Amino acid sequence: MRGQVVAVSLIALALVLLPALAPRDNVLNWVFLALLYGALAQSWNLLGGFGGQVNLGHAAFFGLGSLVTRTLWLNQVPLPLALVAGTAAATAMGVIIGAPSLRLRGPYFAIGTLAVAEILRITTANALPEVSFLPTTYLAGYRLLPRYYLALGLVSAVTFVAWWLTRSRFGYGLAAVREDADVAEAIGVHAFSHKLLAFVLSSLFAGMAGGLFAYYHVSYYLQFPFNPIWTFDALLITFLGGAGTVWGPLVGAGFFLLLRETLALRLVELHLLIFGIVFVLVVLVFPGGFVAAWRALATRSERSLQ
Amino acid sequence: MSSILLQNAIFGLLVGGLYGLGAVGLSLVFGVLKMLNVAHGELIMLGGYVSVWLFTLWRVDPFVSILAGGPALFLVGAVLYQALFRRLIHFHEEHKIKNSILIGFGLALILQTVAILVWEADERAVTPSYAGSVFALGGVVVPLSRFAALLLSFAALGGLHLFLTRTRYGTAIRATAQDEQAAALSGIPTGTIYLVAFALGSALAGVAGALVSVSDAISPAIGLNWTLKALIVVVLGGMGNIFGTFIAGLFLGVAESLSGFLLGNVYREVVGLALFLIVLSLRPQGLFARG
Amino acid sequence: MSGDGPELLEAEDLSKSFGGLRAVDRLSFAVVEGEILGLLGPNGSGKTTVFNLIAGALPADRGRVRFSGRDITREPPSFRTRLGIARTFQLVRPLPNLTALDNVLVARLYGRGRSTALRTARDESLDLLSLFGLSQKATTSAHALTLAERKRLEIARALAARPQLLLLDEPLGGLTTTEVSAALAQFRRIQAEGITLVIVEHNVHAVRSLCDRVIVLNSGRLIAEGRPAEVLSRSEVIEVYLGKASRAALQ
């Protein structure tokens, strides 16, 4: 326990000091991406890992956050306000989709979220087909540093929420709902409101990550953040690292980006294939991901020491 | 005005027949196995490529290709079931649905990437001699190949219905869907039944894919869109209800086409979403389900 | 309609159908505060369905449920638990990937008179676990427990919600004779603490020794009510409960 606290503090300190230590922007850029993906995966994990509800349309919330933030920001709205508006839009969407579909058992929630994401993507592609460029006045002042610290703040906030889920009444209630919603109800946990609140938190942070993406990227198609690949990456990262664990999505994000950069050098399409296969294997054969593997190793070595 | 409306409705009906057929396989698999294969659209995409392939290699008519697309996807489905989905069959229901969704999601990415590697990312089309032919019916223009595709969709559905109600095997599938334990006790090899049902659902996707290729281009990216249509249709029709699913497909096709005409094409997809959310909140058992 | 004391729970004209099958058919009965009521009936007679209607896991087609005088017919199950109705399941349902301690802890955090402070709730949950001989298993995942342990865990979990009314669905099924007598002693202790019990049980000896009163269902309808010894000797009860053949064997 104490060792864990020390390790986390050290890593946090290193991340805070990194811009001063790393001379080259591409290192900082890489870590920025790891933080962004880590935050997005962690936001999926809040509901998918801790709450057991499979959201297949996470990109919708990421995309909506980015769309609203980008549009407002480029229309002279101050960035903090634009970020808040983007986050609020994603959260509101979460309530609208979550309220009907989380009431039902079975696959309705997964279907509902997938449908919403695709329809938003197609509609955005139809209605706003242009590339969104940062105007030259914005480009002149562009620096990676504030984006980096925003990402660090975001990942810390969403990970704090994940940590809170492991040691709060609400977190225990949510775990009970994940395990068996009927039993949870029978011991006093209102299953629906727990799922809905977890979903709202999840879409809130996904929207924020989308806003950060809009603030970060110089030029992209507005439909791009709605692409289902964002959902897939969030799922892959979460499952690789360990769904329903606090550190899994962060470990998974680091690993994912390392692997992607290595693979993408030579095998542009193949890396998607490999990720797809890895994902299916993890779900089928090793649902606990890295963190579970690590824990299993740790307890085994503890036993052998005794 | 009204004849344009009618024209749009007819066109929607023709597209809707494909939506229905595209969704029936998904509905069958869900009804029997309680698994949701969200890679179903990718199976439709593969069915489309079978037809594109046969056409480019040997000029095989796409309607004839159904005879290859169905069996080919039956085999693909059988392999996928044995390799992946079989492992979930004895999970607790909620757990089974959840894991089948996750696996299907990964599988969709795998199949799409494989299609890009094999056939490249761009669109392929089948161009038989009758591709552009139409006939007029009381002032309404009907594309010949789409009309034939609709008739064949009906035929495929009728065939499925006869198979499920009139054959021993079909009866065994229905019995297993209703109560696995009772079916197993009465000597039905439920393991094989699950395999066949899954493969049959895939075969229906293969047939749907071949029919899609008659009038639409095929590309690796179309899978997700077809999965989406199929899911919306399955929810509208009632999960696991095969006839409801088919009618819901026609309904969605007409609704999309009319709203595209009345509201503008940009928002035609939104109509599917709105319908979907309304049905989910007010009638989650589906529009066309009893009770 | 029943013995002494105020009525804690009243079911009035309750019905529930599944498709064409009437699982519970216009059933009325009351549970008196402080008693142990046996709910009897042959397989498929609707006992578990009655529990589901009382606990709120299923909505009633018609009729009302009143608890402490309050109409709870439309309330969700979690609300009923917080009011003071707790239950166990016929097929034990632990929260499989949570530890035994956490299974009890959730109920302690959410049930009636809940402790909102995590530490207090955890201490109280540990006490409950030791009361049920599960201290050693506190950090074991619930799915790794034996059937007898899971059954005890489930009762501990229900008690953690501090119920006034506890519904036990075949709590003795699958237990050995020693485990059964330990469980019966446990139930009496629970009653002594002022908790009212309704118990579904096929074990006739247990019912005789434990229950103050029994009601008997057949095809979802009430066919008998009274003291266990008296009711169990009525010929119409023996007939539905054991079948004609066994009646002959019994005599």
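As written, the chain order gives the labels A, B and C, with residue 1 at the start of each chain.
The rule is simple: a residue touches a chain if its C-beta (ideal position, glycine included) is under 8 Å from a C-beta of that chain, and two chains touch if they have at least 3 such contacts.
Everything numeric in this text was worked out from a predicted model, so none of it was measured.
Chains that touch both chain A and chain C: there are none.
No other two chains have as many C-beta pairs in contact as A-B. When chain centres are defined as mean Cα coordinates, C lies farthest from chain B.
Look at where the CA atoms of chain A average out and do the same for chain C: the two points lie 43 Å apart. Mean C-alpha positions place chain A and chain B at a centre distance of 32 Å. Distance from the chain B centre to the chain C centre is 47 Å, each centre being the mean of its Cα atoms.
On the side of chain A, the complex with chain B involves touching residues 52, 54, 56, 96-97, 99-101, 103-108, 110-112, 114-116, 118-119, 122-123, 126-127, 181, 228, 232, 235, 239, 269-270, 272-273, 275-277, 279-280, 283-284. Here chain C touches chain A in the complex through residues 55-57, 76-79, 81-82, 86-87, 89, 93-98, 102, 105-107, 109-112, 114, 116, 118, 157-158, 160-161, going by the rule given at the top. Interface residues of chain A facing chain C in the complex, by the touch rule stated above, are 167-169, 172-173, 175-176, 179-180, 182-191.
Touching chain A in their complex are the following residues of chain B: 30, 36, 38, 84, 87, 94, 97-99, 101-103, 105-107, 109-110, 112-114, 116-117, 224-225, 227-228, 231-232, 234-235, 239, 265-267, 269-270, 272-273, 276-277, 280-281, 284.
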